[in-house]
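Here it is, the structure in full.
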């Protein structure tokens, strides 16, 4: 197989089949419609949100500039609060650390985290005979159907209620009709016992406040609260770009992310600082009361410091994963998560390049982008994706992996040999 | 029995016995010492906290002035998010509402809330054959020992590890040694099953953000997360004075409260907006996923609007319940919660007068205060407790319930008949 | 007087000959004296955005030699315009001497300066103006095409719900039309139907970029299967100007 | 010259006669001409803070009549001072004409103005100054007593960890000494031992309020059972001034 085919072939075939998927088309246009409706309502309720986004952009810029200081304060604070804070240089180190905390055969509950995907942790933990469960409804469905998440916020957008009913009927060994509220209840029941049995909870973070060593998690279903609240051990994996100076900055992240993700208000914002504790008997501090006894925060580099140093790519780390760019992207709104690898959409191409997949996975995405810049208009952080795409393509060419078909085509159009 | 004896007699006898309680004295001086140590450390870590307190004072002042607007926005938002918001005029109405939601024989878990004490809800629910469990460790101990909470933040400060061990041995029907970490673990075990069985969770709130309809709960043990996260129904009772305009204001409440309560960072700050929800299957919104299906916010007046109208008493509603004044009060640091009724300390006298107990319960506290003003110096909101005490005493005299002994004594000192 | 070069661009030269003639016609009607190059080749834009920077530099160097003697370079292609005005300098560190104008800017300047020197006859048709990404979001030109359109009597203009900064791409940008034409055309069809929600009685889509014309035209023909014209703004003007 | 009234206060008149004599002595040494009232009665402060506002108004009215002819009212009792300067107006809406000074303020003014008109002999003792709540937190007078003390040679001053705005109450404020003396004295004892952590070799506690003197003295006698003097700042000065 040629390198070109290896890099582009499967990707293009997937897109081709996505284009023929009628349910996906229906689901996507439903999703885009509800997204826009919610967005308009959310923005009307919060007239100052654009100013807040602008303020946050400045905070993010400043945070990346002072990342070393911020990382240090975070670590100091988490440890001061008797939590553990580990600075992982790459995915390998992070996995090794997690494996040193988790024991063979544990039940492990997870709540949605893109960053965790960089670790391929499910496979790693399953090798330790652990049962690893995604608990976000969409992720749960995708995991059990061995499918691929198709959206940051609605990973199972491409799966019909009938397929979910089939899946659950199989899991629960009884006939479950394809009614959505019922399906949700059955997943609740199924996972509730898993939550209770779980030894370790794994989550990501939407922001980390250095000043207080606080992890912030936004969610709607209430699974992250249980993942981080019931087991004896809670492990958080967060990219270093999630760190902001103060708690109020982290809240700004939550506000801007939520609004641009079109929530009037997310049901839950969880702020967690170290393990649970009490001094209620004779003022003696004991760790691990109703919540975890062990709290581990893994701050992941895994290519991020390299990004920070690059004046063009750097701003990709401002990304809040609000998904605002996706539904407004002409390509994504047609083929959803197929336009991406793990990180989706145009911005996903840059993250893929640095964090997970490398240039070979990023290049096909970069060349599927129309460079139209609509994402930049909708991005709360005004991330200049087209500009970064140009640099990605430049890198692809330098590495001799630009798509052959494109080269041929350009030659025939311009009459110039490349 | 004379009115004077009824009002002052039992109270003075309790104080007398508190003065003779050696364990209480030891526990209190231990508590004060650790409070001051933690306070110094916390203030050193957060040099701007006094400015934040000043900003918050302004926000509180403004919020009380615009309480009608804020209440309306809160109700609108909570309902928009498919939660319920009930404006309770008094404790009776609140109780009636709660009883309309809770069913006979339910298991009910509670997390610490002073406001809830105004409702005497435990008794009310027990009459419905419900099992009502305090889940904050200190409250749990106090509840099961049928004692009285002695501090806002450390309700069981007056109870020794030996007495706790005795209690737990009885509850678990096995011998449990008086080692504090072990005691904590046993309570965890005992309550974990209750959390799982519970039908309804009751909590208070440290702040309510009107803009987003969000309830904020600060805690360290992780019980509030389970109370508000596991049962099908979550009921919040909050005084209307807890409402602030925006989420960032609520976070300011959390920061100032925590710092003045001497936490470097509380383990958890929970932000809850409506019931749990998902749109993960075909974008159809379903309420009640891993968290509660029903969310009820009760905004309680119960005398607060009367306070707001009074130019002197009004500022008692700025109180964050941080407990900062208590350990620095010459009376409280000697006799703890005996200096108070349900709401403790000097500030407690004013709250007692309006919210729970009335003037007859407030008067003995008011006359036990030295009016020294040390609380005002330590209060983040600079609440002028001595000034309000003078007004309370004036009211006591007007209602003919000033202490007889004092009158006699003043006569003998001044030679003037009162 | 200024020397003016009409830079035609590959797409016009190779694929849009009829449209190119309309450009000539309009410029003549407006009494613009201009030249064209007999040896015009690619400006390098496809190489620039394809990542082929070495090739782009080579091509750009040659192009600059050809155009630098003129005072004004005029082009109906916003990609060429952007290459000259922005990308040559930002990506290749090369400078272009002449003033570079997109055709729409240039035409509007003339139309607005000599109010009585020409006559526009009414066009009884319903059109929609599509903002090309290269012209709009990338070069910030939104108003001139609309102003030109507004001068034509009797024209009914449909403004889609997303336009200007929020306009939806035709699907042909970023070389996608060259790399993956099926996807490109599907984007165009979705744009017209789901995003712009073009009305039943629309007669024409007017735009200002040759790539947009090609992509949208394909979508109209192959997927929408409707009789909607897709035309350059010069083509519209050519019909009206007397 | 100004007419000066020394308002003695009930506590001095009834319970601290020795201390009152020391006040007289100091004022005489400093050549202050002053009068006292033979018909001095309660200023009304206890009624004010006890909630007995009607009685307070009655008492205050009579008091004002007695003191309004003077230019300056001088008092060793900060409660009386606060009544005259603050509470009469804020709680009763009554105004007092003369300037009202606490003794410590007044003395410091004289001492600081005539540097050479007096001689202070050394006192070889270790003292702690206790800020009375009425004088400190309520009237904002923290420095004058300390400045007076600092003039006395050889004196060793122990500054407790909580002082000035953060000073711990003696337990006698707010009529608690009248209402619940046991509690009051326990507060005083706890204050001295746990809060001020007074050193082993402390000879005296100096303060500027008769109620503080009484409460702390009781605690020292009954609970601490130590031989520590509790004295007024005038008492200290009386010993030193020649």
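Quick notes
Chains: A, B, C and D, in written order; residue numbering restarts at 1 for each.
Criterion: contacts are C-beta pairs under 8 Å (C-beta built on N, C-alpha and C of every residue); 3 or more make two chains touch, one makes a residue touch a chain.
Keep in mind it's a predicted model, so treat the numbers as computed, not measured.
With each centre defined as the average position of its C-alpha atoms, the distance from chain A to chain D rounds to 68 Å. If each chain is reduced to the centroid of its CA atoms, chain A and chain B end up 38 Å from each other. Residue numbers of chain B whose C-beta contacts span two or more other chains: none are found.
Because contacts link the chains only in sequence, without closing, their graph is best described as a line.
Remark: the chains found to touch one another pair up as A-B, A-C, B-D.
On the chain B side of its complex with chain D, the touching residues are 12, 15-16, 19, 29, 330-331, 333-335, 367-374, 376-377, 386, 389-390, 392-398, 402-403, 405-406, 409-410, 413-416, 418. For chain B in complex with chain A, the touching residues are 27, 30-31, 34, 45-46, 77, 80-81, 135-138, 141, 154-157, 159-161, 164, 180-181, 183-185, 187-188, 191-192, 195-196, 211-214, 220-223, 225-226, 229-230, 247-248, 251-252, 254-255, 264-284, 286, 288-292. The touching residues of chain D, counted against chain B in their complex, run 10, 14, 41-42, 46-53, 55, 59, 91, 133, 137-138, 165-169, 171-176, 178-180, 182-184, 186-187, 190-191, 194.
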